[in-house]
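The two complexes that follow have chain A in common; it is paired with chain B in the first and with chain C in the second.
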Partner chain A sequence: MQKMLPRIRTFALIGRGVWLALLRRQDLYVCVMLICIFLVGVLVMRIVGIDNPATGTFLLNMGMTFASICAHVMALLLAVRQFPSEMENRTLYPLLARPVRRADIVLAKWLAVAIGGVVVYTALLSIVWASVPKLETYDFVLLAQLYVLHLFSLLWLAGVGITFSLIFPRGLAVFAGGLLYFAGASLRRWIGQELPIGRVGAAYIPDFGMLDLTTRYTDGMHALAGQDWLFLVGYALAMILCFAVAALALFERKPL
Partner chain B sequence: MRSPRRKPVRIALFVFVVLGAIPMLALRVDPREYHGGRSHDAIARSARNASSIAVLFGELRTSMSDILFVKTQVYLHGGVAYVPHHEAQQLSVEKMVGQEDAHHAATGVHAGCCPHHLAGPCDHDDDSHHCHFGEQTVIPPPSRDYRGFIGRLHRQVKPWQDPSLPHVHTDGTELLPWFRIMTITDPNYIMGYSLGSWWVSQHDREMALDFLAEGIRKNPDAFQLRMGRGFIQTRAFRANRDDMELLEHIRSDFRDAVRLGIAQRPDPANGPPEEQPGWSLFQEQDLWSACQMLVILEREFGDPQMARELAAKYLGIFPDNKVLANILQSE
Partner chain C sequence: MSEPVISVSGLSVSYGKRGRAIKAVDDISFAVAEGECVGFIGLNGAGKSTTIKTLMGFLFATAGEARVFGQCAGEPASRSRIGYLPEVALYYPFMKARELLELYGGLSGLSKQELKVRIPAVLEDVGLGGKGEILLKHFSKGMQQRLGIAQSIIAEPELYIFDELTSGLDPIGRYTLRTLLLKLKASGKTIFFSSHELSEVEMLCDRVLLIHKGRLLRDAKVAELQTESGAQGLEPFFIELIKRQEQEAGHE
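This part shows the complex of A and B:
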């Protein structure tokens, strides 16, 4: 434990830096403003009267999807900014001068970005959940599964952002990460159908939709079977590991 | 003590196992695939779509698609912005697809649009230098422009041509991405699918049919899409009149279009259908067209007696349809 302490301290320090970067940027406040607009909309709907239970479900689905997209976009933007900005501002070099392993820097930033995303997602989801009236039945276990899968999804996207930022310029990294997040499923389907690599080859295209159970949840479906849910967790973990290996290898070999 | 030489081997093994696991896990389960659910339930969907919030969002989405639709007209005219044609009559699939005229497909302009066409629809097939005169440009001509130098500058820096000159059409290739974006923005934008598929069919018929199939999958009740598919396949049938299987597909499409259209058409007892909510003049015209086409196909390739019966039946529904009346009289 004594040996681990300096490492934990390093992680906490880097994490604090990422958290400050999150608070300093305007993205978070844009999210807050958007969620406020959503809240005003829901409030107006509640005053005017929600015509039928299906409309309540529609609002819930919209709010939860919005919370998910906001958190993922925030995590991606935050992740993509980490290394290029630090190298540009030369703030990374004092850190590298310390007896800290490069792998620890990558992992600490990665974790901090993912935690930032999780905080945003949890806050937005709680607001949406509390504000929208639940007029139809929903499976609580599925909500828990959905939430946990979102944590993995955020961790995964943070990894994608960090990996891409070590290869591409910042703008291109945001574009590539956004493309995978928003269109990964379509890309995977299209490649599976059109290219000779088939469905097996196309399975390597990151498909974040696999981890999003929002529509399933608002559709009133039952929770996933434990085994199926574990397969999804396994899929997320395998993808996270792939990106972790790639990010670590890239940063280890990056000339600074 | 660990051997440093074994580390790369362990990493390679680990990566190999992880990479091998990904397809196995990804193909094992897809939580998006399930039967039932509120979003797939037609009753729940119609209840949701009737709510004010859904109408608001629906309008926003449709407005986006409308803006993109107007954009296609600008592209069609090589960047010159003409005042958009958005009259219901000119949005009819029948007018655009049935007449098989590239210009009509995007602008909806048809018979009577210029002095040359007062007698009927255009029969020319040139893509450039069409002779539609008198279209108003968004940037006004010097005679109507009060802005002086600013107006001159505007006409110089933006694509513009004198509206009294015949306007130029591009070959439509540039329009295709817009139709794709339109239908992504609003998958229920029937016009995007019907017109987009028509333009795609100018380049690749199979792709157009795929595009229509996607539209039909997302809008199973849209009779215009089945009619559009029927028209596009009719062109293929003209090239090979021995293909009876294709003919049967075409007839089936028109039959489905007529069945769906008549089921959706409001009751004429409450007033003219095109003046009732949820039904427009272009839908009415498309339904007419589908009925006519079904009767013609039945007469030409099926049972003439059945064609007469169908004509009489549809004439009962559309008493003002002169084409059906003529078919019935000519028999």
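This part shows the complex of A and C:
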């Protein structure tokens, strides 16, 4: 008789599949090409010589924003692809035929996508941070706060992608996830001002921008006060929880 | 008498929303005992795959119940004892055959050491010996089907459920598979499979279930059916049975 697996091994095995997809498909290479272009630009600037601190700040901001967007877009695309392509190719059946709970499949894929995003973000951020000449002083605590918030942000966006992919067709799920990520703040403002549901209703629109401290960091500002940072962590956790509950409920009783 | 491995009673499964729901399986009941090899046959759209998917817990019964190893169909504990081959499946094109079997075997509870021994052995069994390091995007349909069989047998379960057993296989593939099934049968494993190939069913099975338009038309031992059908063989016999059923339904 076959054994029931410890959860951690289930997660590792399913996660490995997600990471192999990430490594052996083309999305990652697009990121590598873009970062190479950025590095060539930085190299040229270094050869020409950067005298103005603002130029260094601009390069750092551009590079860190690129690292953030790249990791988020990749996490979203990877998340949205998980269940629809498994259903289209029917690869989900042999997976579901194993002694694994449906909830564990959702959580394993979600975590794997988020970890993939975190690895990409960490690598890109390190490359950018190490390559750009820093002519001003920057707050290391703020950098740490920024990094941790990015981990939550990636986990959240992976959840958005997986949840939307269980409701909408793949293209629409990418569009809706992208809209929330890129324009969540604008959407929130517009709804708050223009629609009858007002500010209370708008508060339910996810705003990823709240978790991005890149510009604050590159502007040379100080770290957030403890309670302000914890508020942002709490906000991210609440959003992650909402999407986790939605994704698990959607997949649990889905006829396949 | 021991509890049946598969027990289906009054099972109905519908697709679509209420009011416009289509009944794919309509009040069927049967049981499969331990060590039996049962063929599940019927025309396209008869309800074979729907029944099998319900046994695996991919679809949910709208009425009645399906139990496997005494547990509700789809429970992880019952799935841990099943080897399942889906009707049509493409496997992850970005994986190698070995990696795919590591995934499925690992999820079925095999340790790394066991996988090291089992993977080359099952690949050899299904005629894919030495192909473990090839990416699946380079596999033909027949090779994917063989790999599908490999993933279903890797953990040596007690019950095998195959949906469309030989679809996509060439004659040599069919022969390899038949040999493998006979070996499983001889070792006392329970096998339940759907197929369009009646000669195969006749050769391998102890019992046959015939389903038509979601209803079970016949549940009989192969030997009984062979006596009943006489010289004409099973295929014309079943076609006649289905035609007769259609006529009766028409009169009603």
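Odds and ends about this structure:
Following the convention adopted for this analysis, the second predicted complex is superposed on the first by the 250 of 256 C-alpha atoms of A that agree within 3 Å, B and C clash if a C-alpha of one lies under 4 Å from a C-alpha of the other, contacts with A are read in each partner's own complex, and residues count from 1 in each chain.
Basically, a residue touches a chain if its C-beta (ideal position, glycine included) is under 8 Å from a C-beta of that chain, and two chains touch if they have at least 3 such contacts.
Just so we're clear, the structure is a prediction, and the values are computed from it rather than from any experiment.
In the superposed model, A:94 makes contact with chain C only, not with chain B.
In the superposition on chain A, A:190 makes contact with neither chain B nor chain C.
More chain A residues lie in contact with B than with the other chain of the pair chain B and chain C.
Looking at the shared chain after the overlay, A:140 reaches neither chain B nor chain C. In the superposed model, A:29 makes contact with neither chain B nor chain C. In the superposition on chain A, A:10 makes contact with chain C only, not with chain B. Touching of chain A by both chain B and chain C, each in its own complex, is seen for no residue at all.
By the touch criterion stated above, chain A contacts chain C in their complex at residues 1-5, 9-10, 13-14, 16-17, 20-21, 24-25, 89-91, 93-101, 253, 255-256.
Residues of chain A touching chain B in their complex: 41, 45, 48, 50-55, 57-59, 61, 136, 185, 199-201, 203-204, 207, 209-210, 213, 215-216, 218-221, 224, 228, 231-232, 234-235, 238-239, 241-242, 245. Of all the residues in chain B, the ones that touch chain A in their complex are 11, 14-15, 18-19, 21-23, 25-32, 34, 36-40, 44-45, 47-48, 50-54. If you check the complex, the residues on chain C that touch chain A are 15, 53, 56-60, 76-77, 79-82, 84, 86-92, 94-95, 99, 102-104, 106-110, 135, 148, 151-152, 155, 157-158.
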